[in-house]
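What follows is a structure written as structure tokens; I'll ask about it next.
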Amino acid sequence: MIRERVAGRSWDAKGSSRIPYWLYTDPAIFAAELERLFYRGHWGYVGLSAEIPNTGDFKRSAIGERSVIMAREKDGDISVVENRCAHRGVQFCQNNFGTAKTFVCPYHQWSYSLKGDLIGLPFRNGFKQNGRVNGGMPADFDLRQHGLTKLKVEEYNGVVFASFDPDVEPLRDYLGPAIVPWYERVFAGRQLAILGYSRQRIPGNWKLMQENIKDPYHPGLLHTWFVTFGLWRADQQSEMIVDARGRHAVMKSQKNDGGAGAVTAGVTSFKENMKLHDDRVLDVVVEPWWNGPTVTMMTLFPTLVVQQQVNSLSTRHIIPRGPNAFDFVWTHFGFADDDAEMTRRRLRQANLFGPAGYVSADDGEVIAFSQRGFSQHADAETVCELDGTQTGGADHNVTETLIRSMYAYYREVMEL
Amino acid sequence: MMLGARVAAEDRFAIEDLYSAYAAALDGRDYDAWVDLFIDDCIYAIVPRENDDRGLPLATLFFESKGMLRDRVYGITQTLFHEPYYQRHLITNFQIREAADGFAVEANYLVIRTKANALSELYQAGRYRDQIVRTERGLRYREKRCIFDSELIPNSLIYPV
Amino acid sequence: MIRERVAGRSWDAKGSSRIPYWLYTDPAIFAAELERLFYRGHWGYVGLSAEIPNTGDFKRSAIGERSVIMAREKDGDISVVENRCAHRGVQFCQNNFGTAKTFVCPYHQWSYSLKGDLIGLPFRNGFKQNGRVNGGMPADFDLRQHGLTKLKVEEYNGVVFASFDPDVEPLRDYLGPAIVPWYERVFAGRQLAILGYSRQRIPGNWKLMQENIKDPYHPGLLHTWFVTFGLWRADQQSEMIVDARGRHAVMKSQKNDGGAGAVTAGVTSFKENMKLHDDRVLDVVVEPWWNGPTVTMMTLFPTLVVQQQVNSLSTRHIIPRGPNAFDFVWTHFGFADDDAEMTRRRLRQANLFGPAGYVSADDGEVIAFSQRGFSQHADAETVCELDGTQTGGADHNVTETLIRSMYAYYREVMEL
Amino acid sequence: MIRERVAGRSWDAKGSSRIPYWLYTDPAIFAAELERLFYRGHWGYVGLSAEIPNTGDFKRSAIGERSVIMAREKDGDISVVENRCAHRGVQFCQNNFGTAKTFVCPYHQWSYSLKGDLIGLPFRNGFKQNGRVNGGMPADFDLRQHGLTKLKVEEYNGVVFASFDPDVEPLRDYLGPAIVPWYERVFAGRQLAILGYSRQRIPGNWKLMQENIKDPYHPGLLHTWFVTFGLWRADQQSEMIVDARGRHAVMKSQKNDGGAGAVTAGVTSFKENMKLHDDRVLDVVVEPWWNGPTVTMMTLFPTLVVQQQVNSLSTRHIIPRGPNAFDFVWTHFGFADDDAEMTRRRLRQANLFGPAGYVSADDGEVIAFSQRGFSQHADAETVCELDGTQTGGADHNVTETLIRSMYAYYREVMEL
Amino acid sequence: MMLGARVAAEDRFAIEDLYSAYAAALDGRDYDAWVDLFIDDCIYAIVPRENDDRGLPLATLFFESKGMLRDRVYGITQTLFHEPYYQRHLITNFQIREAADGFAVEANYLVIRTKANALSELYQAGRYRDQIVRTERGLRYREKRCIFDSELIPNSLIYPV
Amino acid sequence: MMLGARVAAEDRFAIEDLYSAYAAALDGRDYDAWVDLFIDDCIYAIVPRENDDRGLPLATLFFESKGMLRDRVYGITQTLFHEPYYQRHLITNFQIREAADGFAVEANYLVIRTKANALSELYQAGRYRDQIVRTERGLRYREKRCIFDSELIPNSLIYPV
């Protein structure tokens, strides 16, 4: 009966190391995910505070399949509302960025405050003509009942999260004590500087991107640059950190000099003699705030990835587009007090990332290939059993435990 | 507006030939020929139009030397696993202005992508904003900026555009 | 159980002033609409008699998702048949206009009269070879059982309507006495002259266009030209006329000189200082047959809009394309006895209408934005309560009563 | 209850001469077809042995909606495996043709033999670091349980067939004694020479192509070249051969000189005065192996058409793409011992075939028109009663018996 | 057929420059620059191919003076609410014929439309049928007719094509 | 690479005019004008890029004389039943090389297909590989090979591309 509630599907395998393909392709499962993972009980990434520095600035964003707007109010606070008119449903905001005093819906000019309150509407009290009043809204029409959907909002050291669920737990509790220190390592409250955006539509299920960044097994195998130049591989000091619920994670590691070794034996993607003609792309400079790790890849379930890979920093926003695709929006940033050299460095290293990046273009490709594999064999299942079938963290990167942890949590919340 | 700028016929033809060679090299997968169209100290950037419009410095790809172009060729031929695709370029409506040691040229471009067993698709539309210089080997790119309208990239961008 | 018949949906709200979003997005609802609104009990617009002036002329048109052909027969009558071969389903007609003596299906050359009767088919009686007969259709094969689907047809003062339902009421009864006079005001039997076509595919549910032309609230708010130049606004003598069933309507009004006034207070789309550099687009000349109103916008449920806006005349054909889109085909016309001046005038004023028109391009835009809003929040509902929750007509335009009237009828027919 | 199993549909008409439109458009029916016709109990065409002449050569192909790879192993045998990694589902092969020693999945480098056995995977036994072993697969992980899906394969005189069903009957039994002689007439074991490929995506249900090549009624009516030049028409000695199950068929005939006759009476596609400006396209030379027939069109249910039309030879591979489309891949071939003249002749005659061919471009068109007809009237049915309602073969071509035979078999297997 | 018509190189170049400026103005959203490419007493029409083929006079937009062009610019920038989109023009394969005081030019065009957060789409393909005149400010359009194949307009047409 | 090849301005213009006439003839459905652009003893081939790349001789259409072109025109106008569609050609980025009695020319092309009551679609992208000769009637095609990327043809190919 619970099963009924989730698309009449039943996940028979025990544990979370065998994931049925239909979990990635079934529209009914996807609909249930929107309800249970995106709109209820979870926080969604909306943007960076630095994107709307001034009063009235707004950014159009999304949580799940719903368009939302984050705006900077007079008091400096940030509000997030759904981009949908209370009158007849118009998605009134059609710009990704802008500045406004109020939101006015074009169709009939109902106007809302940036907070989402309905301020007024034309002819609410009718129109006087020949000494009589025509039309108007019913006497009992209550503006307060017809505002925009207001989301719960938390800005946490420069990052804005929101939730359609008024009862969602506080953000720090949501992240949990295991994740918070790593979150605050990157977002310590320093003023951020936006470097720019990359956008891609990946023809695969959104969960595959969460898996990808919870998968420390693949970087040293799929990505030549990682294994060859030692940015990520099995012979490094790594740690896999996960929150108590198993949904969020941090993969941290320490780069080494790369080159041949036990770790590269038989790895076709390793290129022993590879030399860059211009290695400024890898001109890494240690930053004091790193305190050791050269890379921390953070997955904040379900909508966000936070990347620190040497000097390159970005948030990556997951916006699902049905079960078979998602948009992946990269916001590269630095710090307001970076000098020109450091900014140039971050921009150069950005060549490794994004839809064309040396170590991420192929992530989008393999995700697409997985989705195709799923579509051709609905009842098969993946096998995520590297390092066993247990969940939780690990002090090395030869493991799929973070993926198992996520799906253990997923089964619980999805009641599957 | 550049409208009416005077450029010698010889030069117009040479410039058009450069772009034709550029398209032929990429569409024909002759990446060494592509690299050869740039001078050593060159810039090649692929930039989302929104970043360009809003003064944001991030590029999708940003190369600052011929060496970096060579490294990209190595990447797309040796290291980046991807589903191969054909490219077909249409480069039109040149706007040419004489510059110090060459020309400033802008043109519209469209790239069609075709993957095996799939229909051709509109991959990227945009505008080239280029600096071209005279060399003893003929005209070459000193700077080439591909400002693309198609900001939502259909999965990945592997080959130069 | 009735509910079962209509997609297992239940519309709980009372009345018709709150419309659930799923009514616009659910494929099962759409399938039921095709059956109950497009193929049964209703008349559909097919075209204008003037489009097929000569014997044998045909026009390919559509009702709902079915391709139909209207043709001029020898006797001058007009027949309408479904564009689908009785043999193996081929949509045999692949031209929007043409002239033919018979319809011949390309696949096996079954041939039909313009009336839709099967005239003959190759080798019906087999083929004689070596003194014996090969193949042929069974002895009991009855040509009369295998004609094209013939629709019921009525031509009414130059406009052709058809129905798949042989039991549909007569067209005049269908329109009803409240609508007929306004219909005959535009279509008085004068010979029409076709000026040309505009076609657009609007990514929204087909009902949104019916709403749009039953919504006298928006023109003076969304459309700058209307409010600024006084073509349509709240301070005019208007009347909202509706048929007894609530499905058809006429919005009539009388232009004024526009300019600032109570009606423009706080209306951002009003541009007080707007002056046309060339106002020939608004070179309006009163035509005798108007008898007062400068504009009558008629909605003939479910497939047609008839526009008279000053000197511009058009029929607008609604052809649904699934729940999320419809094609909107404009046929601009004048009268055969218009002089060149009047024809030029109608063509100039056409700049206000169609997919690029100053007062209609944005209708398509807002309809698309509504559809997006609906898709992101399946269980919300629109609020159409301007001027109350009652149905019926009104003697002003500050009202959403025509929309409520349509949905009251809709609930009845859809049993929702 | 059986009905439940097949999409809750019920095919009420008796026999197989009336085919309901929903059989061509219902996604649930299509899903059942994949299971029952493509993945179970049937053989699917994969390719020609000549396409992978050398050890390690592979070709990517498809059966139903599953991507498969056929490869030439060291021992010269041909293996066929599903293109889907056992780890996490990646469609690892992204080239239509190539040469490989092993299949390596890019994501985590699991590597497989061409036979589909899992050879190894990185860090299977973990990675030794600081005297301890990190990660690795569970002790009980059995490589043999995690290979690629291996298909049953038979190469039959140069043509490769495969099946996902290990219990499928032997290929010769599958074809049956009525078909085998005609199969072996074309594929006698002579070395084939690949001339090239044509690919088209036809917006119609895959069964329509089987019907088209089981339909000897249409060629002399739809295709001007056939009736005019006598390549196929009703006044020829033809034979319709069908296997015992009714699923496979051969349409054979003997060309004549064409021209006017009883058979062309009233056939609009016949062009009495048509003369080619350059008739080299029809420079036909009889080949000894024909033994009479100038044309044999073979349908091997469900995936293959084999064409011999005078000197032009091709296999045509049907790859369904949902209920509303299929890909149609033509492989034109000759024989290794053809002289240059004969090769040129086959290439010239190829102008009649493929997506642009004089006698096949319009087959794709009418199939698309049928699909549209089906979509607009879900509950109608086709009428395939030329030559009666019986099934089985015929000694003439004025018949739809082969179509009826196929659907009699179809109803049995689909339990409809 | 115009094939072989003789036009001076100077003029060919000037004509190509005019079209390049036209594309640059629209794609760059410089609508005043667009208006400036027409003479005062001009005609600008966007016409579905079917109407043109069948001799039906209706145009999607029909402007008879530079004033009407200015009014359209006001409309798209101030009055017509719409979802903004990028345009990218590709104008190719000119056919040029000398005319009384200028040239009759035809060319094929393709407009790519890109909306925020969406893939680029093929918006409109068609043919320009233009009258160009010499002015002291260079070549300008006296008449420009955009006959478009893409009769089923994807929702709306806001900007000039 | 052809980059820098010298061709007289006159000839460049004549070649461009030939391609413009070619596009105008096909897009305007003037098939006799299309045939007239070839010499009697000509070759016209439409070839999937994969066959060309892999040295496979099969063409989608392969005509070896003007007679065969005429037969095709008869076919598409009289015998091949099909849903009619508009074509729109964009032919760009010419690469021209002098040859014995004329020119070897390559260019990229894109064909947009539009059917009644449907949106325009990207039909075929590819590259022309042509042999052009001088005749007293001007430049004409001796050989035209259309090597197309869009191997998966959207149903059928009726008209020449």
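Order as written gives the chain letters A, B, C, D, E and F; numbering starts at 1 within each chain.
As a working rule, contacts are C-beta pairs under 8 Å (C-beta built on N, C-alpha and C of every residue); 3 or more make two chains touch, one makes a residue touch a chain.
Worth saying up front: this structure is predicted, and the values here are computed from it rather than measured.
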item	value
Intersection of the contact lists for subunit C and subunit E	A, F
Intersection of the contact lists for subunit A and subunit D	B, C
C-F or B-F, whichever has more C-beta pairs in contact	B-F
Copies subunit E and subunit B - interface residue numbers shared by over half, same or different	different
Of all other chains, the one whose Cα centre sits farthest from subunit F	A
Relative to subunit E, chain with the most remote C-alpha centre	D
Distance from subunit D to subunit B - Cα centre to Cα centre, in angstrom	42
Interchain centroid distance [CA atoms averaged], subunit D/subunit F, Å	32
Computed distance of Cα centres, subunit E from subunit D, in Å	48
Residues of subunit C whose C-beta touches two or more other chains	94, 96, 106, 199, 201, 222, 269, 327, 362, 365-366, 369
Shared interface positions of subunit E, touching two or more other chains	9, 81-83, 90, 92, 110, 116-117, 119, 122, 151-152, 154
Pairs of chains in contact (touch as defined earlier), listed by label	A-B, A-C, A-D, A-E, B-D, B-E, B-F, C-D, C-E, C-F, D-F, E-F
Subunit E contact footprint on subunit F (complex, rising order)	9, 13-14, 16-21, 23-25, 27, 33, 36-37, 86, 88-92, 110, 112, 114, 116-122, 138
Residues of subunit F defined as touching subunit B within the complex	1-5, 7, 9, 12, 49, 90, 92-95, 106, 108, 110, 122, 124-127, 149-152, 154
Subunit E-touching residues of subunit C, taken from the complex the two chains share	96-97, 194-203, 222-225, 269, 271, 274, 276-278, 280-281, 327, 332, 343, 347-348, 350-351, 354-356, 358, 361-362, 364-366, 368-369
Subunit E contact footprint on subunit A (complex, rising order)	94-96, 106, 199, 201, 327
Of subunit E, residues touching subunit C in the complex	46, 48, 50-51, 54, 56-68, 70-71, 74-75, 78-83, 151-158
